[in-house]
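Two complexes are shown next, each including chain A; its partner changes from chain B in the first to chain C in the second.
Entry: the complex of A and B
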């Protein structure tokens, strides 16, 4: 009997232990080294205890505040755009006209790509000299910055957001479409009979019923965008200057380009704290009745 | 539901055409690039119809074919990560699907918190750890660290499939004298097999498309194909022809797998949370 009670925990233990080892090691490593001066280029081991210097330096040496602002802007606007574009396309699919099945199968293609590949696609399309998009846009009289959209401080971050939106809008579209299908036709018919307009139907019935799915999707996507590294790396490398640097790219630069391990460790903990706050705020507001 | 009028149909199809051009067009354009002669990459106005040229693929995969080994590496790392995650995930998913226990909700949330944590936070310490224990640049370094994503994902998705195997069948097996382990292998595994295959395919794709771990943890001889494409980004310019040919080969397996997955795509992309 005691074995029966323990069995589920015994089954969970291997996965939890391996994951704990894989998480606690980096977090512990970062916590310890955040109080030490250590540059991997000059020494293979931490040099001396430096108190809170690393935490101070994060703000003085790296554009941490700017990276945080860029990251929140990218994640917030990107998720918002992807959700509503995806919802629009889901409603188009929901008309069930002939051919929609084929469209849906093709539509998911951007989401299957590795983010670096999506980055290359648009890097090619956006090349200032010889790229298709600047050429088309100039053809219709749209102003294109001479350094291109990726080389201009005012448009670089926005362009990263557009590419991510290109890649992930289809994801929202097909999942929200699946959500729309799960809403019972009878409820919608009844409201139509009662004289509700389609517009009213969408806002008052479909959208509230999609809320649990939508909340889940938005949380997942917001955090994936918050963590963006691949796209930034391929499209702009955080530039020009630091205008499109995100927190993940800032960590990469300090840790694996400058090899400033102590400072990176301090930044790691700042990011871990920010991420925990965001996730918990989200769970608190959206999942007060935790549904999963 | 009311059928749309002809005018509405025209508007819907026109919008859908724009959607398709926007979302599929860039991929087709890039595939064409792989078949262009390198000197034609920047020709404007662009040539839609041209003599396809296999030169890029020959250089990258045949002679000298520096990228062929990366294709093999990608297969090794993605398959390895998928196979390693399965036993861990199967056990955990079975426990979460079949037992009432305290803290189940917390454990589920804990798995998902790993999926949305910033991987860059983990990868820098791994980079130093792997060189200390002599695993720098090894396949096992990538396969092991990818488990931070592969196991939580597989647990969630497998649980959603196991939830659908009726418990009656298992109970019938117990009555017939099978113990829990025998029932697991005789009932759950065969009935959840489609789910196990679907989960493995998704884990494979996510591992295949992952760039951060191999970028930091591989060496030149073990690096994967998506990372290999980045090497055509030289300071002297971008070798678009070669880059496109490797990127096109790198995008094929995920695309084919997604087409095969069909109606499971929604479920996989939402970790089993939306049935689709």
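Entry: the complex of A and C
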């Protein structure tokens, strides 16, 4: 009898142990290294315990504050834009207008591209000399910076956000469309019978019912955008200056170019703490009245 | 479960065994493959640069001559570095021969990741070690009085300019040799740019020049070409002993160079603040750039309309090359010298075959064959041996070799971009600050002040100030002495 009670735990134990090992071991490894001086440019093994020096160096020798600001801007505004554009497209698909089937099939295509490919594509599209987008924008009187959108400190990060939005808005659209389809038509019809306007219908019925899906989507995309690297690498390499440098690009520079393992580990932990705080605050506010 | 079928328990047993076998198959398979290939095949890890394409086109000649097979795998720069370091740290025999950037030598040698080639060279007169330009060996291959690699592609820097534009502007041709240079200074260079910038040539409005502004690596490569010529140095004393890594980046010559770098940017397309090396090369080859300086492989790469496209560019036969100017008339010159060399990981189980390959690929005959490859245009003139520069056939294909050789002989890869430990960390912050100064986010003064502080922090944090390890008097003369001794002279 006792054995039968414990059996589920025993059966679950290997999976949980593996999961914990896969999460905790790398984090523990990084935490330990963050207190050691270990730079592969000077030694293949950690040299000595360096206390909080690596954490200090993160702020002294890397543009951590600028990268954090850029990352928050990119992740926050990018997620916001993608959610609302995606919602708009989802509502359009929901109207069942002619041609929506084809549109739906085409819509998913940008999402299937590797970010590196999308990056190269837009690098050429945004090329100031002969690029299609600057040419079109100049044609309608939109001011294009002489250095191009990617070469101007004021527009480089925004351009990365636009490319990411181009690529990932369809993902929001498709998932939100699926969410809209799952809403009972009876509820919507009842509201219409009660005299609700289309706007009221969306704001007071559809959107609250989509909330669980939307909240999850927003969280996932925010975390993905927070870790943006590919597009930054291909489009601007974080420049000009630090204007489009993100935390992931900072990690790449220190870890895979400078091979400063101790400093990279310290930066990793700072990022883990920042993301955890943001996500937990988000979850607290979104799900505080629900169990999840 | 059933008499004829397979029970779930049996299925799980078989599946588990198969899974375990598959999981183990990969490393075991690799070991078996390495064992089978020992003495028969060398595995070469290279970088996807133009020289690599030329090498792959002629590598069959090595197999024909020696019976040794070659597996070449080409990776991007960062991927190659990551793969190599992973292999070194895990002590795995990932390759027998590797392409080594000059900046990796100190790290690889000091950590014991690659083996010295001294013994191989000393015992093998076929290597014709005395034929190498000492400047190339010094810049790319030696560290602490040992030879760790042999140069396979050496790059100096030089000027390319539009002859038709110069003619239209009434300008004299630029000096193609140091002997003709006379009082050829950077101020003269800027004066020409001032004159040709904005000129109309056959309906095209010309930019005076183009810079390579992407941060951090590309802009450091090109800015240091100017700053080294101005006499700027990174450290108080390096590579001469005793090493003192106290930074000297915020100096008068470097500040003057950064101001002039910004002037160069003013005569360039605004988007060149984000240009990588090939962006600048292809921009020139598209026809609206009057003159620029770049690594010498672009002496031939600009003949293509794009990067290695094989389509002739509109500037073919309208381009000439010239030597770099000096800061003051008749003053000292230091030219940045970089490139790639081939080395042997300490873990290679195939060292004799690896040496045969290194000796062959860096030898005069293979280098000439690489230079004669004409697949997408001629695509290799990055010679490191005197005999290749003297070769009449090669001079016919690459008429600029004389200019290139003169730049090589003024080259010093240990001063322009010193391959000190943690160089890449320093390059990261340096490139960022130069780029910031170009964008106007900071002034040149602020950029160099910040760079110096960051250098100090990084160098102190990495225990390099004060430097506690033994120094070596790493001079060109000492490399020449080493070359003579290993050549049996």
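We adopt the following convention: the second predicted complex is superposed on the first by the 263 of 292 C-alpha atoms of A that agree within 3 Å, B and C clash if a C-alpha of one lies under 4 Å from a C-alpha of the other, contacts with A are read in each partner's own complex, and residues count from 1 in each chain.
Going forward, contacts are C-beta pairs under 8 Å (C-beta built on N, C-alpha and C of every residue); 3 or more make two chains touch, one makes a residue touch a chain.
Worth saying up front: this structure is predicted, and the values here are computed from it rather than measured.
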item: When chain B and chain C are modelled together on chain A, clash or fit; value: clash
item: Which superposed partner A:129 touches (first chain B, second chain C, both, neither); value: both
item: Partner chain in contact with A:40 - chain B first, chain C second, else both or neither; value: both
item: Touched partner set for A:57, first chain B, second chain C, both or neither; value: second
item: Partner chain(s) touched by A:230 [first = chain B, second = chain C, both, neither]; value: first
item: Residues of chain A touched, compared between chain B and chain C (which is higher); value: B
item: First, second, both or neither for A:256, with chain B first and chain C second; value: both
item: Touching partner for A:147 - first (chain B), second (chain C), both, neither; value: second
item: First, second, both or neither for A:188, with chain B first and chain C second; value: first
item: Which of chain B and chain C A:76 touches, first, second, both or neither; value: neither
item: Those residues of chain A which chain B touches in one complex and chain C touches in the other; value: 40, 127, 129, 256
item: Chain A-facing residues of chain B, complex; value: 1-2, 4, 9, 12-13, 15-16, 19-20, 22-24, 26-27, 29-30, 33, 41-46, 87-89, 91-92, 94-96, 98-99, 101, 105, 107-109, 111, 113-122, 124-129, 144-145, 147-148, 151-152, 155, 180, 205, 208-212, 216, 226-227, 229-230, 233, 238, 240, 243-244, 247, 250-251, 254-255, 257-259, 262, 265-266, 269-270, 273-276
item: Residues of chain A touching chain C in the complex; value: 37, 39-44, 47, 53, 57, 60-61, 63, 127-129, 145-148, 150-151, 153, 236-243, 253-254, 256-260
item: Chain C - residues contacting chain A, complex; value: 78, 81-82, 85, 88-89, 107, 110-111, 113, 213-216, 269-274, 283, 421-425, 428-429, 432, 435-436, 438-439, 441, 454, 457-458, 461-463
item: Contacting residues of chain A [partner chain B, same complex]; value: 7-9, 11-12, 14-16, 18-19, 22-23, 25-27, 29-30, 40, 89, 92, 95, 97, 99-100, 103, 105-117, 120-125, 127, 129-132, 135, 166, 169-171, 174-175, 178-179, 182, 185, 188-189, 192, 213, 216-217, 219-220, 223-224, 226-227, 229-230, 233-234, 247-248, 251-252, 255-256, 261, 264, 268, 271-272, 275, 279, 283, 290, 292
